[in-house]
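Next up, some structures in structure tokens.
One chain, chain A, appears in both complexes that follow, with chain B as partner in the first and chain C in the second.
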Partner chain A sequence: MEFIFGQLAGFGMAFATLVSDPWTYVYLITSVFLGITFGALPGLTATLAVTILTGFFGNKIPLDYALIALLGAYVGAIYGGSYPSILLNIPGTAASAATAMDGYPLAKQGRGAEALGLTTTASFIGTLVGTVALLIFVWVLLLISKNIASPEKALLALFGILLSGTLMSADLAIKGWIAGLIGLALAMVGMDPILSEARYTFGWSYLLSGIAVVPVLMGAFAVPQIIEGMRHVRAGRVAELNGRILPNMTAMRRYLPTIGRSGVIGTGVGALPGVGEDVAGWVSYGVGKSVSEEGDSFGKGSLEGLLCSETANNACIGGALIPLLVLGIPGSPPAAALMGAFKINNVIPGPTIDPEIILRVVAIMVLASFTMFVLGLFTARIFIKVLRIPQTVFLPLVMVLTTIGSFSVGGGLNDLYLMLGVGLVAYVMNLLCYPIAPLVIGVILGGMFDETFRRSLLLSDGDLSVFVSRPGAALLLTLIIALILGQMPGAKRAIRRLKGRTT
Partner chain B sequence: MDNSPDTAAQDIARLRARDFWSALALIVLALFFLWKTLDIPLGGGNGAGVNNADWYTSAAIVPLGLFGALLVLALVLLAISIRSGGAAQALSAAGLGWSASEVWRFVAVALMLLAYIAGLVPRVDFILASALLITALIASFHGRPEPRPLLPLLAIAGAALVALTMHFPRAEWARHGDDWVALALLVALTLWHQATGPRGTALRLTPVLAIGVPLLLICAMAFGFRQNVPNRGGLIFAKIEYGYYVHLRPIWRS
Partner chain C sequence: MKISITRTLAALALTGGIAGVAAAQDYPYRDITTAVVWGAGGGTDTINRMIMAEMEKHLPVSINVINQTGGVAGSNGMVYAANQPDDGYTLVGLSESNVTAAVQGGWDKKFDYWYPFIVGGSPDLISVPADSPHDSLSDLIEAAMAEPGSIPAAAGGAGSIHHLNLLALEQGSGARFKFVPYKGSAPGQEAAIAGEVALVVTSLAEQAALIEGGQLKPLAMLTPDSVEIAGQTVPSAFDSYAGLSEVLPLKQAIGFAVHDSAPENVKATLAGAFEKAMASDTVATWAEVNKYDIGGQYGEAAQALFSTLESTFAYTLKDLGAAKVMPEDLGIEKP
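Entry: the complex of A and B
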């Protein structure tokens, strides 16, 4: 009990500090507004919003304010994606893809304002559910993580990359794993962390310090988006919006259990390493469709379907921050960009993280969700106007924004060359249906994997049993093997047979 | 959107044909890096003054595992592709996947970005370089029934080539000859776009956005965030910086 009161008091202090600082509002309102705008523009994603702001604010203002800007943009962008999903039938972000299933039919029925009012409220509640889970589970995991040593860390990094590869791949899981391995391989460039041996630098001194995370993020997420946006011009007609955008309290009360369930699903999916808001939205939508009495009306303009995806994708944010803060493993692609901001500020998320930072993150999340709710209700018409800006006009501006952001983080021109190289490779990978998120997670976790894997072997004098002799390591290794075996054709057939018998 | 089973089957067939090529590329990549990894001592050597006599402390151990795993996965992908008929389709139009116009559009965007990052940003004033890129991209792709990227590509590639040939060494990056060429090409491209582009707000706003956005960004970065910005000695930015430090800043400093 004392622990709970202690945490609540800590949160209260962090919240009061934030609320009493006028600069909080400057950063918060600006970043949430920018985030919603990014989310609302089809072709720009939440990851891109956080990545670009990392380039701008990452190391230029104190970390406390940088976190406000980045988390505000994250929360705003995930919510903002619902605008084009509902009004254009084009998901603004991958996270809102499931929202379009019911949002657009509702808009066509002349209920677009009602749909937007509901998504605003659902996103607000979803973010709060994820934040409460973050406040509770981060401490539980921190206690557990005290027992995590090098073997567990190495296996956890590997598990995160493989899981992200499996779940984020739209085609074969093996392609996700290949993307993850390419990311890990990129992280091997530069001086190795134990012996300072130069690896794969090809005589380029810039590479001695390793591959910088921010240019990789910019290249992987911004450049393919820009090329794709210019290659395929997507045009849509904004559906007419009648009436005021207000929360429908009757519907909210009626679907409260759905909102609660979707919040829990979103948080849970977010807590899985490297799995983003899009998966959360679809999983919640799928579960809702199968358990709801109104499942048949999903896809035809169901309010419940809309609430399932929108609550889950925002709840995913809090969930994604849990492994990021406790283990240093990003729970989603935008969280990977946040990890980049931590790295350039020399803050190492993990078991040794300053608890003040965690409490501050929670307080920022609460404030950001309130700001998003207020902006969503009162300035929605501005974001609807934003939808009319053609992507062939704003994407060139994003390229310039990305260039100067990447340049100013530290590496200068070399960072730009790296960004462009990674961007072109990522674009080709996108075309070939290789997911990009595992690659980025691989780059971020590669250093940790290399160091902890070799340290484990060093401490055990090369005895590989160190990866099975500790209970946590054995469990993680079992999960990794199960994950790989689960994708084998024989195992897939057996699972299908088993499913057939149970249904 | 056509979601018929036939279309889905065609998409899968095209993907498997592309997988054939990507698996081959990955095999070559994995073998190359496995060979490069052999340069790193695997035991019995001294690295950076530290005795790394055992294999498990070697800096090569993790990369060997990674590239070995990459090779195995690429071989599995190749096998999947061959079994699904990807190899048979690999050289057909379906295997290559793109129409000529799509390839042209991609090549044009990629070359514009390359010219901007590799040629213009280091050597030409950032405001001019970015204005040229923005104008070129909008003029090529916005609102036209068929994209017309040839002339804009020639303008931006021409500016980049001039910059690279006139002032290739780092010591010459602050010179302004290439800036004047970029400015002339920007004016010419803007006039062409205004004359031939589709009427509308975007056309009228293009010059404002092309100059205004980079101007705002570079000033915010240089004077707001006090960050390094590309090519400080550029034609326009050098004047802005001079005006800021000599005329404006002393006003509030005093």
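Entry: the complex of A and C
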């Protein structure tokens, strides 16, 4: 009990500091607005919004303010994706793909304004659910993480890369793993962390400090997105919008259990390493469809279906921040960009992270969700106008911004070559249906895996049994093996047979 | 940030317009830039931002602090500053760790290329996890003597100031530990708390919060003086091992520098502002709160200090096999 009051007091302090600083509002309103715009423009994603802002703000303004800008854009963009989903039947971000299932039918029935009012409220509540979970679980996990030593860290990093590969892959899990392994290989470049030997630098001094994270983020997330967007310009007709955008309180009350369940699902999916808002939205939608009494009407304009995905994808944000702050393992692709921002500010997430940063993140999340709610209700019509901007106008603009952002982090012109190189590789991978997120997660977690794996062996004098003799490590190793075996053709068939028998 | 950009632009416009008469003007007539070679938010960055804000008060111009990170041992930032004119308008924010840039192949100059100003540094100490069976330094050293090279020890990265302190402790006490490299002080301290290593050598500033939180148990200072922290006295290791005074103390030296080739009046102006800033209450309070010892050396005194650090670091790295360029080839003398 005392612990909870302590937390609330700490949060109250952080919140008061934030609210009483006028600069907060400058950064917050701008970034949430920018985030919603990014989310609303098809082809621009939340990851891109956070990545570009990391380039621009990461190390140029104090981290306290940079966090406001990045989290504001993150929350705004995940919400903003619902506009084109509902009005155009084109998801603004992958996170809102499930929203289109019911949102567009509603808009066609002339209930677009009602749908937007509901998604605004659902996103607001979802963000808060995720944030509350963050406030509680981050401390629980921090307590546990004090006992996490090198063997567990190595296995956690590996688990994160594999899990992201498995879940983010559209067709074959092995493609996700391959992407993850490419990322791992990239992370090996530079000075090795244990013996300080140069590896794969080919005598090029730029590579001595390793592959820089921000150019990789820019290259992997922005470049393919922009090329793809330019190749297939999608023109949709914006559905007519009648009436005012207001939260429908009766519907909210009626579907309260749905909202609660979706919030929990979203947070949980978010906490999984490298698995993002899109998966959260679909999982919640799928669960909603199978447990709801109105499951049959899902996909035909069900308010409940809409709430399922929109609550979950916003709740995912808070969830994704939990492993990021506790273990330095990003819970979603935009969180990977946030990790980049922490890295260039020399903040190392982990058991010794400054608790004030955590409380500040929570306070920013709460304030950002309010800002999003207010902007959503009062300025929605501006964002709808944004939908009419043709992609051929804004995508080249975004490319310029990406380049400036990547350059401005301070690594020089070589950063841009790296960005373009990674971008082209990522584009080809995109064409071949390889997921990109595991690659980035691999680059971010690869260094951690390399360092902790070899340190474990150094400590044990080369004895591999350290990975099974410690209970935490043994558990993680079992999970990893199960994850790999679960994708083997034989195991897959067995699972399908079991499923067939029970249903 | 916005302000400093406009200021820089204004300064640029000004210098463009009056370049002809500029040479005759007294230093400084336009804004100064300090390039910190380590990242924003780190110790060197924080110290430079503090001291520059304080020095500004005694100079007619502003000082902008930027970060130029990367390379080997901060070589990117040093190369950047070295490539700017030696007119005192570009300073470089650095620390003792930068003395290894040359032997690690990051650049090709000895450290006396710079004319340094030392703000201060935090003393190193040896600590163990709170639940460690060892309650004193002699306890720990005896345990290490019994099983040489088996007790895992963390002390930052290989070749860091903390690693050098650990090596000196081994040399002075005769014990041998198993050195486990970590990427920095924070991960090494985390490992000590998790029980992965049995002891950790880092600076007092870095350990203070963990000692006050009861997560680390301090055993001994690696400096001649004892220190009061969290209601207890941490004794000096020199008291129990007399041999240590020959190899220690090896202390952090954080501050900034100007080209050694800069004109005398530039050095004198900077020194004046530096002395006034170091005497201020801001610096005293900062040092007290953050557990730093105030330095204040500059010019030849600081160069002598850095040259000792340079040779100790260089030959230690050579012994570890981590030197890319031999210290002899750079003209660095043996310690």
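In this section, the second predicted complex is superposed on the first by the 503 of 503 C-alpha atoms of A that agree within 3 Å, B and C clash if a C-alpha of one lies under 4 Å from a C-alpha of the other, contacts with A are read in each partner's own complex, and residues count from 1 in each chain.
In the analysis below, a contact is a pair of C-beta atoms (placed from the backbone, for glycine too) under 8 Å apart; a residue touches a chain by one contact, two chains touch by 3 or more.
Because the structure is predicted, anything quoted here is derived from the model rather than measured.
In the superposition on chain A, no contact is made by A:317 with either chain B or chain C. By the document's definition of touching, of the two partners only chain B reaches A:178; chain C does not. Once the two complexes are overlaid on the shared chain, A:437 sits clear of chain B and of chain C alike. In the superposition on chain A, contact of A:449 is made with chain B only, not with chain C. In the superposed pair of complexes, A:209 makes contact with chain C only, with no contact to chain B.
In the overlay built on the shared chain, the residue A:344 is in contact with chain C alone; chain B does not reach it.
Of the two partners, chain B and chain C, it is B that touches more residues of chain A.
By the document's definition of touching, neither partner reaches A:307: not chain B, not chain C.
In the superposition on chain A, A:146 makes contact with chain C only, not with chain B. Contacts of A:404 after superposition: chain B is touched, whereas chain C is not reached.
Within chain A, the residues touching chain B in one complex and chain C in the other are 60-61, 194-196, 458.
Every residue of chain B that touches chain A in the complex is listed here, in rising order: 15, 18-19, 22, 26, 33, 36-37, 40-41, 47-48, 50, 52, 54-59, 61-63, 66-67, 69-70, 73-74, 76-77, 80, 97, 102, 105-106, 109-110, 113-114, 116-118, 121-122, 126, 130, 133-134, 137-138, 140-143, 202, 205-206, 209, 213-214, 217-218, 221, 225-230. By the touch criterion given at the top, residues 56, 60-61, 171-172, 174-175, 177-178, 181-182, 184-185, 188, 192, 194-197, 199-200, 223, 226-227, 230-231, 233, 390, 392-393, 395-397, 399-401, 403-404, 407-408, 412-413, 416-417, 419-420, 423-424, 431-434, 449-450, 453-454, 457-458, 461-462 of chain A touch chain B in their complex.
The residues of chain A lying in touch with chain C in their complex are 59-61, 63, 146-150, 191, 193-196, 205, 208-209, 344-348, 350-352, 410-411, 451, 455, 458-459. Within the complex, the chain C residues that touch chain A are 1, 38-42, 67-72, 105-106, 152, 157-159, 178, 180-184, 186-187, 189-191, 193-197, 210, 322.
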